[in-house]
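To keep things simple, chains are lettered A, B, C and D as they appear, and every chain counts its residues starting from 1.
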Amino acid sequence: MSSTNSKTAAAKIAEISGTNPLKCMKCGKCSASCPAFEKMDIKPHQFVSYVVNEDIEALAKCESLWYCLSCFACVERCPRDVKPGKIVDAARQTVVRQKGGNYLSANEIPALIDDDVPQQLLVSAFRKFRR
Amino acid sequence: MNGIGVFVCHCGSNIAATVDVKKVVEMAKLEPGVVHAEEYQYMCSEAGQERIAKAIREKNLSGVVVCSCSPRMHETTFRKCAEKAGLNPYMVEIANLREQCSWVHKDINEGTEKAVILTRAAIAKVSLNTSLVAGESGVTKRALVIGGGIAGIQTALDIADAGYEVDIVEKTPSIGGKMAQLDKTFPTLDCSACILTPKMVDAAAHEKINIYSYSEVEKVSGFVGDFTVDIRKKARYVDMNKCTGCGACMEKCPSKKALSEFNSGLNNRPAIYTPFAQAIPNVPVIDPSQCLKLKNDKCGLCARVCQAGAIDYKQEDEIVTRKYGAIVVATGFEVIKLDNYDEYAYSQSKDVITSLELERIMNAAGPTKGHLERLSDGKAPKNIVFIQCVGSRCADNKGKSYCSKICCMYTAKHAILIRDKYPDVNVTVFYIDVRTPGKNFDEFYRRAVEEYGVNYVKGQVGKVTPEPNGKLTVHGVDLLDNKQLKVEADMVVLAAAIEPSPEVRNIATMLTASIDTNNFITEAHPKLRPVESPTAGVFLSGVCQGPKDIPETVSQAGAAAVKVIGLLAKDKLLTNPCTAKADELLCNGCSACANVCPYGAISYEDKLINDHGIRKTHRVAVVNSALCQGCGACTVACPSGVMDLQGFSNRQIIAEVDAICR
Amino acid sequence: MKYSYYPGCTLRTKAKDLDTYARKSAEVLGFELEEIENWQCCGGVYPLSSDEIATKLSSVRALNEAKVKGQQLVTLCSACYHVLKRVNDDMQNVEDIRVKANNYMKLDEPYMGEAKVLHFLEVLRDEIGFDELKKKVVKPLTGKKIGAYYGCLLLRPGEILGFDNPENPTIIEDFIRALGAEPVIYPYRNECCGGYISLKAKDLSAKMCDNIMDSASGFGADMLITACPLCQYNLTKNSKATVPVYYFTEILAEALGVKGEEE
Amino acid sequence: MSINQEFKPKIVAFCCNWCSYAGADLAGGSRLSYPADVKIIRVPCSCRVNPMFILRAFERGADGVIICGCHPGDCHYSTGNYYARRRMTLLFSMLDYLGIERERTRVEWVSAAEGVKFSTTMNEFVSAVRELGPNRRLGDLRCKD
């Protein structure tokens, strides 16, 4: 990805997340609050720096996108109004919106569920993991 | 030959980089009435001023326009310069080409164009200026200090030592303020009380200092040199003159449920109380919300045990009116409420405390007699976690936008004191940045790490969870290690942000001193006049102006005192000659102007007027120029346009409007 | 009193209990849940991206229907509440979304966020009042130690949802007290259970559920109650399940004496 | 809506000496830019601003006039800004009658500490006036060619 492209991609992420990553003071309260921290290869507070540094390619490839729960713990507690959860979601959107970007296919569903799975689980997983 | 001289300053490159100063000079020369125009590197310098003086003398200038920085910066400089050269100082106008032009615009064409217009407006105005002579007013040789913490005490002592009378108004029953609540002070670990109480005693014993404790400022009127202040002395229900301070009443008082303000609400105090043992004055007050006698006319025990007969349940608030030449605001700070930080479990667990509460726990006169123990079960803690920046440096609507400045250092102090006294206690500090700019400050913090083995972890804590076993889990992160941490703690100490005392808003309004969005009082100039408010005669001491530690507060207190002394040392003050003036010929005495005057400066007289040979007596408005502060409210209220403001006359302002819109 | 009612996908299928008990209880408490016509699924999660419009339209339809009927819109499911309330906030405050949504919907009168979204618990707290509820209780749950499980969707972001203090909520505890039981306060009651990632990252979600369960049982809870079908499923199926998890409406119906009644 | 970027409006800003003028100085000190179209006239207090000055400005070709004073309660002269507010409300209510768009005038409170607010206020005001285009209604035709 050329530097102009990653610049546009970074701007796109800032735009669709509606947050300003430059307000971050690197306190790490998001990462301290994140229940999925252990599973994340790029940690919540790093997401913000990746956008600032326009390293979008790494974000697009990272595993963290599929572990963020959108539980808003980081959004609620961020003292700088950066709301890292929204940045993660924006990065995930840029991936799933691309062709072949789906993280979940309908074919794999039967193997993943049991009889009690509420519809809500499928609906929300589809909404988060697919276009 | 009279005419106007225009002097354009480069201000180094501050103006010249964005404004073509030569062009401004050229254009100025084309304006009617201008007989001289020049530019120079630094007009405010000795050489620059000499150029102005020389032009005034040689060309017999009748008006001067200096195109430079803000008039709030150098108007006085250039007025003095003109006066020395023989020109009335009020024949000088400033065109603000720096703050309001070159610094805010980037394009040199735009900047130059605007500079020319601003200069043109100043020329138009100055051509209508009239010579004004400042009047004089007296100075009441007494100062008022609002707030009796270390800032107020130090200011009062310094003023009193110079021989002037000072009154301290303190809202609580004793002077001493927040410093009296502290156990030790950084970075030298002096005992706070040991260095503060002698100053409190000095203040109380000083013949020039009068302390109004348990009192509040109620009303302020007047102006620099001549303020009139109403002070409400709240009913103490104890006669100050009779009380011997024996303390028998406090011991016997059966109502002991009120939370001790001095001990940050960690234990109780009686309804009749002094905040702490070394209180000054050592005269208790009765808290009417707690006293059984005052609430439902039962008890009366304190009156019975008082051998001096000092208890007086009938006492009422008293208003004292005093005159002052200068007023110092030293209202100090409070720790913020932690309602917005429930993730840290402050309201859910007794073992999550603020740093100020820790001060009281560590203090020998505190609720635990200085033993470090958990408030929930009295057990000695083994692991203590400190969380920095709680409510400071926030961009959300929960916290404060500023750095509270003192927290990094007092946390290092707490960590050292704990590790020193209890070496088997583990101390972890979660920080975002450690800020230690100050003499011996960083060395002090390094000692905490290197000598005392305090574990500093970079990363803000997300949540504190109380556990079923009574311990606390601190959910943090080590950003340098990129690891999430769960630290087991017995006690968690929050470095909560500080904010100006809530009453400062009201006081600022009474003093017409402006406050910023965080309720800190605005200084007259952020760099050059940091202890003065923009309102003449009102000075600032301590945290009311911005977060400060003790040494800074004491320095500022001394600086404020010097400013007050400088003012009180004068016998006369020059008054602002830009006052209102009525045209006697046209005034019909309708009273519209007097109705809007906030100073009562306008009265009416029957005057014999000679109107084109017709002599008649009629009622006209007369402005007392000693009282008039020059706001101009009356000028607009006047239905016939008779009232005008000298220095900002209708014609002058219209000339500026016309010049800008030309 | 009649409220517009938005049941949501799961309450019509796997979480029928949550719905049935709510309706029965409402009857006893003197209000009616009138199901809006032709509701569509809210999507389960609120679309966070500022450029998503289409995914918000089903919520706008439901909100507008409540507005047209002049009723407040009540939901039971945490996710529906979260989505509807946030979309409503967008319609009130985000001009871009409001304009685009209205352009697409072509309603008789543009929807500007006039409807008010209420969670069933808010109806109990703010409209009925917990004191009134207490009076209607016929079988108080005396002696039961119940932990409230809020999860994430009901509370956060607090600024927009305004449901309760997001870090130290009290509404479900007050509800438990009104029913005569003892609330157990434990710090994980507002931590996420793992939600939709339980589909593809079961281990993570299981760990999160266990944390919640351990904390609740550690503080002595006999049972947990929740408003979210996904939390109920996740906590029951995806953890050690040391403590049973019920819908809050079930214990409400029980206390009001209408649980055993046949339809 | 297309905004004519070429159009350089004439904006007169009356700023009170104690708060808003100092706020403007702070904006300068902090290098917070705003359009050069804004020219400031210093007055001791917002209550010194005679409605006549505003009409005069429009008559002489100003495209917008803004009056800035201390926040309510913070006036250096205690009550001046309240007078200003009342007077301007009255004046503004009559501007329609004169054919001047209400948006060409504004009263704003800017304290000495609000450099940022000063700059954003001016940016907003200037772009609002730019959208309106030149003020042609009250111009004194006698002065024009």
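One rule holds for everything that comes next: a contact is a pair of C-beta atoms (placed from the backbone, for glycine too) under 8 Å apart; a residue touches a chain by one contact, two chains touch by 3 or more.
It should be emphasised that the depicted structure is a prediction, and the values quoted were computed from it without experimental measurement.
Asker: For this structure, which two chains have more C-beta pairs in contact than any other pair?
Answerer: Result: the chain pair B-D has the most contacts.
Asker: Centroid of chain C to centroid of chain D, CA atoms only: how many Å?
Answerer: Distance between chain centres: 50 Å.
Asker: Centroid of chain B to centroid of chain D, CA atoms only: how many Å?
Answerer: 29
Asker: If you average the Cα atoms of chain A and of chain D to get two centres, how far apart are those centres in Å?
Answerer: Going by mean C-alpha positions, chain A sits 45 Å from chain D.
Asker: How many angstrom between the C-alpha centroids of chain C and chain B?
Answerer: 49
Asker: Hey, what residues on chain B touch two or more of the other chains?
Answerer: In chain B, the residues touching two or more other chains are 343, 463.
Asker: Hunt down the residues of chain C that sit against at least two other chains at once, touch-wise.
Answerer: Expected reply: 167.
Asker: Pull out every residue in chain D that's touching 2 or more other chains.
Answerer: Residues: none.
Asker: Just say which it is for the chain contacts: an open line, a closed ring, a star, complete, or other.
Answerer: other
Asker: Could you run through all the chain pairs that touch each other?
Answerer: Going through each pair of chains, those in contact are A-B, A-C, B-C, B-D.
Asker: Tell me, which parts of chain D touch chain B in their complex?
Answerer: Going through chain D, the ones touching chain B are 10, 12, 17-19, 21-22, 24-29, 31-34, 36, 39-45, 47-53, 56-57, 60-62, 70-71, 73-80, 83, 87, 111-114, 119.
Asker: Under the touch definition given earlier, write down the residues of chain B that touch chain C in their complex.
Answerer: For this pair, the touching residues of chain B are 341-343, 345, 347-348, 397, 463, 465-468.
Asker: Chain A touches which residues of chain C in the complex?
Answerer: Residues of chain C touching chain A: 8-10, 13-15, 41, 43-45, 47-51, 55, 77, 79, 152, 155-158, 166-167, 191-192, 194-201, 204, 208, 228-230, 232-233, 236-237.
Asker: State the interface residues of chain C toward chain B in the complex, per the touch definition above.
Answerer: By the definition above, chain C touches chain B via 159, 165, 167-168, 185, 187-188, 215, 218-220.
Asker: Which positions of chain B touch chain A when the two form their complex?
Answerer: Counting only chain B, the residues touching chain A are 343, 389, 393-396, 398-399, 432, 458-463, 475-477, 479, 482, 484-485.
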